[in-house]
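Two complexes follow with subunit A in common, the first pairing it with subunit B and the second with subunit C.
Presenting the complex of A and B:
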């Protein structure tokens, strides 16, 4: 059930956030040096809402780069395990972009499902996602090509749209109700509603689909053994920045950090772009070069995930496009492959 | 909510040195918590992640049979960090065990059918589990003719010698042991597993073949089975990829649209032929040993 839309005046934003911070952990875009990052905030004055997108995706709020799964104590002949308890305090992920909110849908599918990941699912259930529509997308953005859009509400609980001196706030589901109940929110008038529609139309029109993908799955299957992958990855360094920044990439490693007889089992991000990811103890590696690892990334995102999770592992945020040190552009790769361009 | 990352605690009850080079040991474990024992319901072909606290985890197929409750057995080849530490452990020490994981062998399909189990080297552990399961009084009547073909490079590398002695005495099992190279005192067959398979495999009508072993063995056994008339849907293999989470999330063992840990590790040859060609590379590496999946130091 969606709540009716309301108005949040920009002049009242600080007081609203102030109250939120009293009750919950609030994560929002802040400026750190030259870049915008999603961080837990202590004061509304830290929040920057006029920004193209954060340098890193917000996935770390729900899926931290390093997370303790349990602590252990192991001595001769005995061992015990202690699991961290969830924080009772609720969280708000405030002001993230619609592509990143959609990215959470994929993480929900991966970490939810038949065998639920209690660490992710616990935090997710406790988090209200407030996304902010894009009125000025980056040149590297291609959300429309991936089934989203600059004003997509998928993955958010409360959707904000900047219409000048105010935001229009649309409740997407019941998780937004507690926030919308705050005194800051005013009734939506017709004039503002019309303005919001205009902004939405304009932002959609400012983007064009750039990635052809009609026959992508078919072509990927056909091209699996084609030498084209070698050509595509000639310049790839295998640095993994694409997977690090990606809002949907979720591969991880489990390892122990020991200090004497005690220690912890931790989960850390990992990447299919690294050679050790699949290297076996025998020395055998099914993906020995950059070519196979890059192919795995593309196949996983555009063939396997659409089949198993009904959505691609890409929301078109464009981070991998802007941050790749050798300008490997996933849009060009996918376009070329979907046209069936073999070597 | 169940936490799939937290292991059960298990105590080492017995350590059996399996091979003459002492590189493979079988660890017999019992549950520290009685309630955990009841929660660990498994079938042959499934696997578990063994934790050595402070070193990490590695996956191993259960070498024990669920028809013998209270104990789990894992055969461990010493090769990496976790297995190296396991080999230093002693009776009474406590490890973590997370599982059961994976799908296991399709026991329902196997019922009433003839079975030929083809194993080589270290990949034999889950076939031992399957054999002992079928041979148990409570299940033997459900299955047909049972042929077990098991090969090793040398006699001293054959695992589970106590079981082999016992199986040899059973009239309801055809056991064919073979070694690549005989040694003093070896009275048995000398030759390669695919050749033995060609000679002794049952009629493929109403029969299933299960293959688990090193790359070369599988590579040469599959064509033999095909030649004998076994259809792809009647040949099962247990695959191996480097694994971590064991529950289809961490991404490591993803091949095609499958996760080896969650959708496998047991697949029919028919299922594999539908996966990308990458899957066929994996055929070479089966048997859930840390040999393949554990990371080097």
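Presenting the complex of A and C:
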């Protein structure tokens, strides 16, 4: 069920956000030092909407890097456990980019599928996603090649598109109804609707499909043991930038932080690029070098996830492309592998 | 620039032809404007991939530890100093490495370049002698190269390789000794202010370990943060853990850090990592008169013991 499109004038955005903040927790792009990050806002003036994309993906709003699963206390043979309660207040993830909204779809499948994760699912159900279409994609963006697009609405509840002095707001599903009911939104006129279509066409056309992936899954299976992985990964430093900034990477570790007989069990992000990720108690590591770890990242994203979750673990946001310290470009890697380039 | 590229290629070709090395580690053009990246050349026909420009910012010495084969490495001043330290610390053997020295005019900080033209997108960049010409879909702009350098390059006093086997191009004029002017303000702070500054910086850290992994001198087979039996520090981004990580790492690099700036360049979230390293560098210089990575014969001050070493801070704090 889709709501009709409306108009949100930029001059009225602040008052709209002001009302939203009164009712809900609002997370939006803000400037911190030299970078744009998605953070909870206290005032509309913090929000920066003319931005290529945030340095970190918005996944941390729903899947924090450190999350308490429960607190425990053990005394004289008795154990007590407390589970954190989520705030009743709803959340709005405002102004994120379409690639990141699409990334949430993968997290939904992983955390909300057969193995339901109450921590993620609880927060997610309570969150309205308002995405902002890209009218000027970055050279590092490749969402189109990953099945999305600069104006894709997948994963969004409400989709905004900048058409000059106003945004066109398209309700994607019923979750957006409460927001669209706000007095700020005006009826969409034909002229603005036509302008929105023009912006969409232009932004799509400005992107070049850069990744060939038609035969990727079968090539990946064939190339698993090929020495080509060593060549592809020779410059890899083995850091966790690509996985930690990725909107779809979701691997985690569980550990206890204890003091005496009390403590908490926490969930923290983990990365397949780290040696400890697969280190076994015996000391043996089945993925001993960056070659195996990098291969795992590519296999997981482009072979295992398409099979188990029906979508790749990549939405083409380009963060790993721009932030990799050695410019190890996933677009080139995937293109080369899908062509079947063995050593 | 173009001449240096030509020189590096011909040196690399000769080394591979004469089988003096199995691999040449240098730079190739990256996949985006303002990027060059490490590359590993093993065949003569691949030497044409090698380039030299203002974006060869990676510290290639980081690829040296644990290598078995004979390697040639394209080395800026900072790379050469890192190689010196690695040899001294027995992580590489002198006869295993051929240093292709390249006098370095400083590397360009792309975030600085991008900030200059934001929010416009750079689609093409051309480097001339002292200017960088940027082109986008609707603009062309020239920026002065010297305004765009990385912080570590601004304070660098060793633009020429301190150790090389063959030199590409001509040596540059050496700079005066390090004045540490970049940390004057930090030095002048009270310890409370310094703590507040460091806390604010490490608060940004996401524990991706890019700083550690990009560092040529961070080669421990097992980093203390990865130890699990026992576990020294927690795995989260809790302030106590990120602070311990950065402080321990800085201290472990005291008297060893060659100030290449690889840590800061690799950091995706802009933690001012070098502040701690620079402070320790200054202290080591003041206390021991030592600058890391300048000579193979000098003993590293924190890797040696003298009976007259000061110890009043231990026995009578």
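The definition used in the following text is that the second predicted complex is superposed on the first by the 342 of 343 C-alpha atoms of A that agree within 3 Å, B and C clash if a C-alpha of one lies under 4 Å from a C-alpha of the other, contacts with A are read in each partner's own complex, and residues count from 1 in each chain.
Simple rule for what comes next: a residue touches a chain if its C-beta (ideal position, glycine included) is under 8 Å from a C-beta of that chain, and two chains touch if they have at least 3 such contacts.
Quick caveat, the model's predicted, so the values are computed rather than measured.
J.: Look at A:276 in the shared chain and tell me whether it touches subunit B only, subunit C only, both, or neither; answer first, second, both or neither.
T.: both
J.: Taking the superposition on A as described, I'd like to know which of subunit B and subunit C A:323 touches: first, second, both or neither.
T.: second
J.: Looking at A:118 after the superposition, I want to know if it touches subunit B, subunit C, both of them or none. Which is it: first, second, both, neither?
T.: In the superposition, A:118 touches subunit B alone.
J.: Just checking: does A:33 make contact with subunit B only, subunit C only, both, or neither of them? Give me first, second, both or neither.
T.: The answer is second: A:33 touches subunit C but not subunit B.
J.: For A:332 in the superposed arrangement: first (subunit B), second (subunit C), both or neither?
T.: Second partner only, subunit C.
J.: With the two complexes superposed on chain A, say which partner A:296 touches: subunit B (first), subunit C (second), both, or neither.
T.: Only subunit B; A:296 stays clear of subunit C.
J.: Contacts for A:56 in the overlay, against subunit B (first) and subunit C (second): which applies, first, second, both or neither?
T.: After superposition on chain A, A:56 lies in contact with subunit C alone.
J.: Which holds for A:255: it touches subunit B only (first), subunit C only (second), both, or neither?
T.: A:255: touches subunit B and subunit C.
J.: Which residues would you name on subunit A as touching subunit B in one complex and subunit C in the other?
T.: Subunit A residues touching both partners: 253, 255, 270, 276, 279.
J.: Per the contact definition, I'd like the list of subunit C residues that touch subunit A in the complex.
T.: Those in contact with subunit A are residues 30-33, 35-40, 58, 62-63, 111, 115, 119, 121-123, 204, 206-210, 212-214, 226, 228, 234-238, 262, 265-266, 268-270.
J.: Any idea which subunit A residues touch subunit B in the complex?
T.: Result: residues 69-70, 72, 74, 76-81, 83, 110-111, 115-119, 121-122, 221, 224-225, 250-256, 258, 263, 265, 267, 270, 272, 276-284, 286, 292, 296, 299-300, 303-304, 307-308 of subunit A touch subunit B.
J.: Quick check on the complex: what are the subunit A residues that touch subunit C?
T.: Per the stated touch rule, the residues are 32-35, 50-52, 55-56, 65-66, 136, 138-140, 234-235, 237-241, 244-245, 253, 255, 257, 266, 268, 270-271, 274-276, 279, 321-323, 325-329, 331-332.
J.: Along subunit B, where are the residues that touch subunit A in the complex?
T.: Touch residues, subunit B against subunit A: 1-7, 9, 11, 51, 53-57, 79-80, 92-96, 240-242, 244-245, 247-252, 254-257, 262, 276-278, 281-282, 284-285, 290-296.
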